[in-house]
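In the two complexes that follow, subunit A is the common piece, with subunit B as its partner first and subunit C second.
Our next item is the complex of A and B:
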């Protein structure tokens, strides 16, 4: 599908999703106008709102690309939530204990977070390569294991006894990437990584091979792609992106520490982004900003209209379903129409 | 009660939702529908089970609500995946997200609580004491006194086996999964068969959800299905959806789940004991993949 068509399908699905969510708001007896005014005001209405939109978009860009890159290569990595958590806990611990100066520590922490994420997805890739275990199930199971494991780490060995929830102590002040008005400078890195990813996909041999393998693994193998190596690299790169997302959230977020339940839904949001964008890098980034705006607006919406911010999760899921359904409908009926036109032409000519 | 009796009882209880969902998934497996929306259907069933039970003061209405809501979700899934030919995988995950987001949102907007909703007004599904057997010491404690759904679940394992392998509907179902075009030539609409299989899986997942929130414990908490749908899916793949194999493996996974619960009071941190079912799933997948490779050589 051309990018233009992908974009149109995305926008169509988006419109359907927004209309459906208006109906749901109406059904709950709230005013849709107020809800959308609040959503808009708290996501784009002021400098502070724009900052919180960008902050929410930062991890989303990375987890979205993580899902998109793996799936594009035919690796069904659904482990973004787990890889995100493992990256985040690594960043939090390095941030507490690294004794080096700032200019070397921050890159080390971020590399560490990405490496930890890659390790977690690499585990699933190893299972697949060595034992032929489906990565789709193993990454899901590793999500649960990561969740319990990180909860254990912050409940027992690294618990901050002064905190009121299970969490580590805060990272060293100097390592934080947030400006005084809470802007997460990590977004520069996220965008850089997105550009780099786009470059890989467009210009590098491996990016081409990934895409070919995703389209048809056997054909790619016959054509000379090293499918096993490429598969592992795709999984590792995907995991590294999710891990990095966790690391940036720790360094640049508002908590500066790993606490139970941190990052909320960022992993699964990334999965949804890749679905809407149909694994396209640029579309994933665009929709990451849109989802970021929804998230930022959702918190404000709860203040103003008492519609719980969880409503954003519903809107997101509805958008995903409408985009996927719109795409399928266009493919189905578009294909039928094309076939009809073609047969007509053939019949006429004969 | 003695430790092993409790462990056994606990195992059967925690096996039940997995068993029910996997039995439902068996229908879609044989119809060749890749149904990964079971997790979401179960969660939705659990939520609406509580809604029905709380507002109408009856567990039967709770169960009915659970089943209806889960079937609605499965209809939605099959509308997209079967009739519109959208990607089953992507649609299934989106449905799961909708269930997770939707129940979390409804939990807050209806009951104004975050995390979990507990109330004495949630009427639970009664437990059955089997006459006579109940009075046998030890054995009675292990066999008798479960929620009605547990017995139904075991019974359904046998019924599903009969339906899939010994009825004309089962034959059509399997034929659709094997060779869609051939079944069409026999005058069976494969889309209808697939749709029915999805609805059946919704029905079973709804019962599983009701058991979660009304049978075993009496509350609803965010994401309370907690991966059980995924484990069910793994079981289906592992035993190629043979209902009796599903029964056995569910009991095994139930055992690991129970072990996690039972060891919570020991010196092992609870987070590690809670990992047990997921590690067991990985291990089962490992054994399965190893055998499969041996078979292919």
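Our next item is the complex of A and C:
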């Protein structure tokens, strides 16, 4: 499929999804018009809303890419939530204790977060290489471990006694990446990383090998691809992207600290994004912005209407399903339709 | 079948206005180039796919099939090119699959004993020697094919369609199959036989239909026609079966295989095996499938570790180096083009560039790929090897079998390796494509490349090889000169009746 067609099909799926959600809102006895007005207003309606959309999109870009690039390489990394948390806690702790000046500390913190995420996915890669354990299972399990481990850290050793929920103390003020009006400058980095990722995937030798391994591992191996090295690197890079997402959220988010439950659904949203985008880097980024808008709008919607912001999760799920289903439907019936038209022409001509 | 059209979504015209008929009790062959539409026509007859236009009549009765079981009810069954058995199921379970309802007892439980006894007597009646309790994954390809035929008999079909049944069989097994087909014919069944091997077609058929590019060329009686006539009808020009091979004195040893052995748990072991392939020489390896060829190929390519011995190419010891480094010296055409030779879902470009992507010519920076060069390279290969496709971005899965194989051959023959390992390079291809590929193989020989040719097709071996080598039970049992050996002789070596090493 050409990129243009992919895009159009994506948009069509979105429209179907939005229509379906209107129906659901309606069934709940709420006014869809009001809900959508709030959604739009709080995601794109003002500078402030645009900022919150971009802020929500920032981690999504990275977790989305994390899933997309790994899956394309045939590494079924489902550990984005765990890698995200491990990256975030690393950034938070470094942010509290690093004694160096700002210009060296911020890069160190971000690198540390990425490395921690890579370590977490690297564990799964190690299990697979050593014990032939499917990363599909092990990354999922590591999500739980990451969740309980970080919760433990912020509940006991690093608990800020003054905080009213389990959390670390705040990072040093100087390390924050947020502007006074709460804009997370980390998005610049996220976009840069996205471009870099695109470059690797589309232009590097390893990107080619990843794609071929994802398509047919045996073919790639016989063709001389370094399948084991490539697999490990795919897992590590994927984990680093999720870890970095966590790091950027700590440095540039509103909390400046690691709180229990931070980052909510960013990991799983990344998984959804990759699914909708069919593992395509550019589509993942585009959809990340869209989901960012939904998230930002959802919080506003809760203020204005009595629809809970959790409803956004429902809309997201509906959109995922409708985009994927629309894609499949259009592929199937589009092809059939073309065949029918051609049959008419050919049969008539003879 | 009248006025049959088939257009695969989105726009592949596979059949165009085909009229075709089948008479009761005949063996009717269909021949044609890869992608001519043979399988498509038969899939329509067996109800697996629906025609885009056109009608099917059985005994002057218009029928419409929307699923295979409906065709089955009218007595039509098909044994597909790719078998459709469930590996973990036992033979008899595979046979009854889909019709187990007729065998139920107590209103739902499967009457296994009854099933087994029916199948047992069926298999005896048709002279199939087969263990109906074995798992489908454990039996040989030929036995799997018997199961497929048994499946049709169990369903009491009158018309058996066999799509390239001989492509996977050894010469001996083919003879057995023909015996079975003749028996079926005697019992009044009608048989449709699709094959690329014209000798077989001429041997077994009553009538022959020739197809070309989705159209029926003609249906003829199998009387006073020759292979050449048939081939000409198929491809629209004369085909040369006997390639003329200029004499060449072989040069220095390129591949040296020094007493290698492979021990694996599940399969038969290989070795010890020792042979050389020389510059500008084609060494043909004959042998019944499963006698160590698989292990030899895996060992040469580096996918399976040696237990002992040494392999070197041009004096360089490659025994312990990774596949990636080996590929500098070894070009490899796999017998299994769908799972080893190609990434079917990848584009033609991506498939052509494999292994070449390691070379410096394809790089800008050491770690990037120069896709501009890649595209120029792919275009050149498509031209040089006359690969028929719409664009270099087309997926390989949508190419015909012959063109898929040309992609593999084009890629491997342009790697500039001193040694080529060709494992069944012409399997499943039409006569025109085989002629083309054989010409390319001889070109490589002219260029002084050392070639090891593994083939189940004796004609191919005799046509191309400078020397013949026979492998049996993992060992080399004969080295023969093709100009002084008969096919029967070679067969005796393959069966282990004779040995000379």
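Convention: the second predicted complex is superposed on the first by the 329 of 350 C-alpha atoms of A that agree within 3 Å, B and C clash if a C-alpha of one lies under 4 Å from a C-alpha of the other, contacts with A are read in each partner's own complex, and residues count from 1 in each chain.
Definition applied: a residue touches a chain if its C-beta (ideal position, glycine included) is under 8 Å from a C-beta of that chain, and two chains touch if they have at least 3 such contacts.
Worth saying up front: this structure is predicted, and the values here are computed from it rather than measured.
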| item | value |
| --- | --- |
| Chain touching more of subunit A, residue-wise (subunit B, subunit C) | B |
| Touched partner set for A:159, first subunit B, second subunit C, both or neither | neither |
| Partner chain in contact with A:204 - subunit B first, subunit C second, else both or neither | second |
| Partner chain(s) touched by A:212 [first = subunit B, second = subunit C, both, neither] | second |
| Partner chain(s) touched by A:330 [first = subunit B, second = subunit C, both, neither] | neither |
| First, second, both or neither for A:132, with subunit B first and subunit C second | first |
| Subunit B versus subunit C as contact partner of A:340, first or second or both or neither | second |
| First, second, both or neither for A:220, with subunit B first and subunit C second | second |
| Footprint overlap on subunit A, where subunit B in one structure and subunit C in the other make contact | 332 |
| Residues of subunit B defined as touching subunit A within the complex | 76, 80, 84-87, 89-91, 93-95, 97-98, 100-102, 104-105, 107-109, 226-227, 230, 233-234, 237, 269, 271-272, 274-275, 278-279, 281-282, 285-286, 289-290, 292-293 |
| Subunit B-facing residues of subunit A, complex | 28, 76, 78, 127, 131-134, 137-138, 140-142, 144-145, 148-149, 151-152, 155-156, 268, 271-272, 275, 307-308, 310-314, 316-318, 320-321, 324-325, 327-329, 331-332 |
| Contacting residues of subunit A [partner subunit C, same complex] | 203-209, 211-212, 215-216, 218-226, 332, 334-336, 338-340, 342-343, 346-347, 350 |
| Residue numbers on subunit C that touch subunit A, as the complex places them | 5, 7-11, 13, 16-17, 52-53, 301, 303, 322-324, 326-327, 332, 334, 339-346, 350, 353-355, 357-358, 363, 367-369, 371 |
